[in-house]
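Written out below as structure tokens is the structure these notes cover.
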Amino acid sequence: MKRILTGIKGLDDMLDGGLPSSRFILVCGGPGSGKTIFGMQFLYNGATKHGENGLYVSLDESPSHLKEDMSAFGWDIESLEKEGKLAIIDASPIRTIPGEVKIGNFSIGKRDFNLLSLVEIIKKNVKEIGAKRIVIDPITSLILQYPDDSERRNAILDLFEAITDLGATCLISTELRATALEREIQAEEFLSHGVIVFHAFNDGGRLIRAIQIEKMRGISHDHQLRPYKIHENGIIVFAKETVLTNT
Amino acid sequence: MKRILTGIKGLDDMLDGGLPSSRFILVCGGPGSGKTIFGMQFLYNGATKHGENGLYVSLDESPSHLKEDMSAFGWDIESLEKEGKLAIIDASPIRTIPGEVKIGNFSIGKRDFNLLSLVEIIKKNVKEIGAKRIVIDPITSLILQYPDDSERRNAILDLFEAITDLGATCLISTELRATALEREIQAEEFLSHGVIVFHAFNDGGRLIRAIQIEKMRGISHDHQLRPYKIHENGIIVFAKETVLTNT
Amino acid sequence: MKRILTGIKGLDDMLDGGLPSSRFILVCGGPGSGKTIFGMQFLYNGATKHGENGLYVSLDESPSHLKEDMSAFGWDIESLEKEGKLAIIDASPIRTIPGEVKIGNFSIGKRDFNLLSLVEIIKKNVKEIGAKRIVIDPITSLILQYPDDSERRNAILDLFEAITDLGATCLISTELRATALEREIQAEEFLSHGVIVFHAFNDGGRLIRAIQIEKMRGISHDHQLRPYKIHENGIIVFAKETVLTNT
Amino acid sequence: MKRILTGIKGLDDMLDGGLPSSRFILVCGGPGSGKTIFGMQFLYNGATKHGENGLYVSLDESPSHLKEDMSAFGWDIESLEKEGKLAIIDASPIRTIPGEVKIGNFSIGKRDFNLLSLVEIIKKNVKEIGAKRIVIDPITSLILQYPDDSERRNAILDLFEAITDLGATCLISTELRATALEREIQAEEFLSHGVIVFHAFNDGGRLIRAIQIEKMRGISHDHQLRPYKIHENGIIVFAKETVLTNT
Amino acid sequence: MKRILTGIKGLDDMLDGGLPSSRFILVCGGPGSGKTIFGMQFLYNGATKHGENGLYVSLDESPSHLKEDMSAFGWDIESLEKEGKLAIIDASPIRTIPGEVKIGNFSIGKRDFNLLSLVEIIKKNVKEIGAKRIVIDPITSLILQYPDDSERRNAILDLFEAITDLGATCLISTELRATALEREIQAEEFLSHGVIVFHAFNDGGRLIRAIQIEKMRGISHDHQLRPYKIHENGIIVFAKETVLTNT
Amino acid sequence: MKRILTGIKGLDDMLDGGLPSSRFILVCGGPGSGKTIFGMQFLYNGATKHGENGLYVSLDESPSHLKEDMSAFGWDIESLEKEGKLAIIDASPIRTIPGEVKIGNFSIGKRDFNLLSLVEIIKKNVKEIGAKRIVIDPITSLILQYPDDSERRNAILDLFEAITDLGATCLISTELRATALEREIQAEEFLSHGVIVFHAFNDGGRLIRAIQIEKMRGISHDHQLRPYKIHENGIIVFAKETVLTNT
């Protein structure tokens, strides 16, 4: 299987040589765990080190805030945009599209229209810059529009199928609502080709951060928890260290 | 009772000689636990070692991705397909069949139509290649379509009865939503003839993987947790080892 | 109070001489805990050792599978059927009876009709073979048809009253959805004359099986947990042993 | 405050001289905890030792089963009935009263009719035998008919007010659905004058039974857990012993 | 900020000189924790030691029962009533007011009418005896009438605003449904000026009672748990002792 | 990134130089944790030490109570109001605005009108005093009006976008309903630029208070728990101390 280096040394070691190419990888984490940093670092490394252009699809945050935040790590996103190596799309308007929509004589709901819109936006932009890496951050707004479990599952699969056809490796972030290891597992974790979890848990008053490759189809990988840090140059993973808790 | 060897030595030892023939076995596990690998390994071993053809019914994943993933274990699925020893059906279209359906004057809902469709697809393919082993991976999409507990139970029983008539041994995978041993037990675990659980739990920062035969009607079996690994040639079970946790 | 020997030595000791006669005993357990084996063993011992005929009412499983499973314990159910000492009824058709039903001018729902049907089937068969022991396995399908707590309670009481008039001792199995001792207690445990619980819990990686007489009206009994095994001749209870866990 | 001796030595010690007279006492416990035995023992002691007649209102169980069960403790309920010292009413018919009911021009629901019926039945019987002790066992069937929290609370208060006017001390049993000490507390525990809890919990494999006076308005009392046993002559409470658990 | 002494020495010490004047203080506790005793003790001390008249608004319990219960502590409530220093109002009729209500052309629901009624009753009585201390015991019946979280919050705020105008210090009791320290915190705890919690929890078989000032706006206070007892003269708080648990 | 000093030494140290300017910071805490004190301290320090005017938007509490409470810390809010350095708005009327609202021909619901009203009130006041710091305390009333998860998320994002345009740094408080570290994480924690959590948890009977910067986009920060106190001059954070629990 072809591999895509994330450019984060420890993580690429855990992955035994990088992410599988042209697949869907879910990134789960709590608030402040570094999901957005990880996504941008994946694109930044692709554009600057591995010659692969990237597309960042932002559903909640404004591109200007994003770029300001990322400058803290010394990443000059704007220059990459100008060079055509990286594009950020503000997909938040799908939140405010009103009412029912018709395609020919077929009436589709607002929800499915939002899904179609997002796919169209992504396709168009991937083609424009020839992106090989896509980040969708986060998928939550879209998923919440489907309160029915069965519909939600189908919507996720539909999105995955549509994007897979583009031949790019896609990271999708999702929000972890519980800090504990005993969280309820969400449908998207079963439907993705790979799942990377950013853990944050309390050990007798001390907070511990660890990354785990919960699942990665088609490649052998380390499935243990490994400590990570958010450093001045982005995320660092300590692939040889173990996490030991007292409680 | 006639037995079917899974071809996984440690598991066949735990089963005291293999799975009961012509029965329904449920396989429960979290994301990345190896349910799909196990299913394919069961069919691969059947076709290559035990002279039994197999049918793989995929509800979420595309056959091309599946084959690419399995090549990591050195399993040449395509050759087996060409020799007529193994067939993979993409049953995902049952997700997108619209509306109400009529059989004669009797109107049945979309859900029951999907169930009937799946059974028809399976029957047809089992006959075509004379399959003695069936894998349905996963049953979740179908089950979620029945939000009512009573209807869901009946749908599962209807499916089991229809497949049982085919005389093949059938593995059905289902998703474990909680990583803990204290999960809520689902109806399908009570309705199956056998249940194999892939556990993954946290022991003070270290992840432990273990397989358990929760239930296997008609044969004596080991009911303790035993460690397992996903190895370069598929799943390995350590039937003589015990799982010891500190917390 | 008149007693009925289960024929399982350790359990009869815990019961200080057997189950109370002509009462309703609930049997709760998880998947693979041995509820069905216990029910059949109760009938088999009745027919072969204590001269009491038995009726087995199966709601989920086919009689042919049942008999095949039980042959593993050396119980020749078919011969007992031929001698008129044991009868197995397949009550699963009550799952598929359609729509509303009228009794005279009084319209009753499908649910209450299913309940009435089951009672009629049981009455008829109890008379035919003069059964002194009844097993209903499991009650779940019927209970799930009543989503309202108040209606469910009434349905259970109605069933218990109707069967009690027959003068036979009745075991009814029900599914335990949580493996922990801290499960939510169900209404039927309060409404039965006796409750026998098959526990399975995890003690630091080791699974422990234990039987407990949670309740048995009108007779003194051991209320502690006692280990049990599923042996080549059926269930064995170690009435003098205690269960000690480390966690 | 006037006191009523339960006749159970240890419990009367915990109560510093018996229950408060003419009040409502709730008795909470799991299946097999001894709620029914306790209620009957309270009436039996009243009738045989303290010259106070008693009324037992049974909502789930038949009087004949009750009397058979109680004979295990050597209590001859039938003789007391004949002497007019104790009466058992089978109030289960309130379960099967159909539809809406009118009082004059005022239409009341089935639920409120059931409540009124129960109160009328109790009033009539209390007068007939001059009962000073009442047991209602259990209140659950009635409470479940009010799914709305606010209505349920009002129904309980209405029942309590109506019965209080009769001048008798009333024990009402209710079902504890969780075995743990961390149960959710029910509205009726706040509305009663007193609450006696029958605990059963697991301590590393050993079951422990303990009685606790959670609340008893107007009298000083022991609020700690104390062990109890169901003995050949009924319930015994060890008021001087403490409960110590290891887990 | 002006202070109001509760007259309970240990609690006034924890409060560094008493409750803040003219504010709303919530009192949370389980059944039997002493909420009602505390409320009455607050009024009794006000009337007999601090020259401040008090109003007790009872929503669940009859005034006659209340007075009988309080006589156990040697508090002669009736004499205080006669001297015009303390008044008990039975506000339970607000439970039974039927249907919709009109004020001019404006139709308000039963719920809001009950709220208005309660406020009017309180205003009228506060004026009549010049009350400086108010106890509302409990607020639960009123709150349960608003099943919608948003409406409930508004109703609580409306009540607090209306009462605050009266210039009296007001204690409102509410029911704690879970015995554990990990309870879900209710909206009213956020909306009150102060919150006093009566804890009761299990420490390895031994019940521990402790009082905690969770919140008290505008004054410095002890926020640790401190043991308390219900003594023959009312509640005693041990402000210098700590609570130490083993589990 | 430009920084805004909170004026709380320990917290500014944890933030490595203050909050990021012109962003949305969420402040989560239980009742009595000091959310309101923190908000006012942020504005007071801004106005008196850093030359930045502030706006306090109160949704639940009256300005007069607020000012009285804050005088306990020696903060003379009224003088600052007169000097035009600080403004308190009572935004509680948005709770009582009735019915549906029309803007031109476009009918919007009460909920969205409340949101628009709040934004308008804030914009107007920010302009009037040239506020650089805004506190909204709490956001709960507004959020509860959206019971649907998807709508709620959109409302929060709409509010954040509208306020962000004003160029002021905005603290928004929200209520933590569980005292445990294992709480369910709310949507607003994912949508804010930063999250500060006020923890209060029980360690074997002793309550521990700690502050945690769960998230702060664009700046490096301490993510561990650090003890804090509510002191006579406001909140103090011990940025060099760790929290150690025994249980």
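Going in written order, the chains are labelled A, B, C, D, E and F, and every chain counts its residues from 1.
Convention: a residue touches a chain if its C-beta (ideal position, glycine included) is under 8 Å from a C-beta of that chain, and two chains touch if they have at least 3 such contacts.
Nothing here was measured: the structure is a model prediction, and the numbers come from that model.
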{"item": "Neighbouring chains common to subunit B and subunit C, by label", "value": "none"}
{"item": "Self-contact between copies subunit A and subunit B, residue sets same or different by half", "value": "different"}
{"item": "Averaged-CA centre spacing for the pair subunit C and subunit A, given as whole angstrom", "value": "51"}
{"item": "Chain centre separation in whole Å, for subunit E relative to subunit D (CA means)", "value": "29"}
{"item": "Rounded Å distance between subunit B and subunit E, as computed from the means of their C-alpha atoms", "value": "59"}
{"item": "Residues of subunit D engaged with two or more neighbouring chains", "value": "247"}
{"item": "Touch-based graph of the chains, sorted into line, ring, star, complete or other", "value": "ring"}
{"item": "Partner subunit F, residues of subunit E touching it in the complex", "value": "1, 23, 148-150, 153-154, 157, 161, 164, 181-185, 187, 189-193, 195, 208, 210, 212-220, 223-225, 242-247"}
{"item": "Residues on subunit B engaged by subunit A in the complex (per definition of touch)", "value": "30-32, 36, 60, 62, 65, 68-69, 71-72, 92, 95-96, 138, 140-141, 144-145, 147, 175-180, 202, 204-207, 209, 230, 232, 247"}
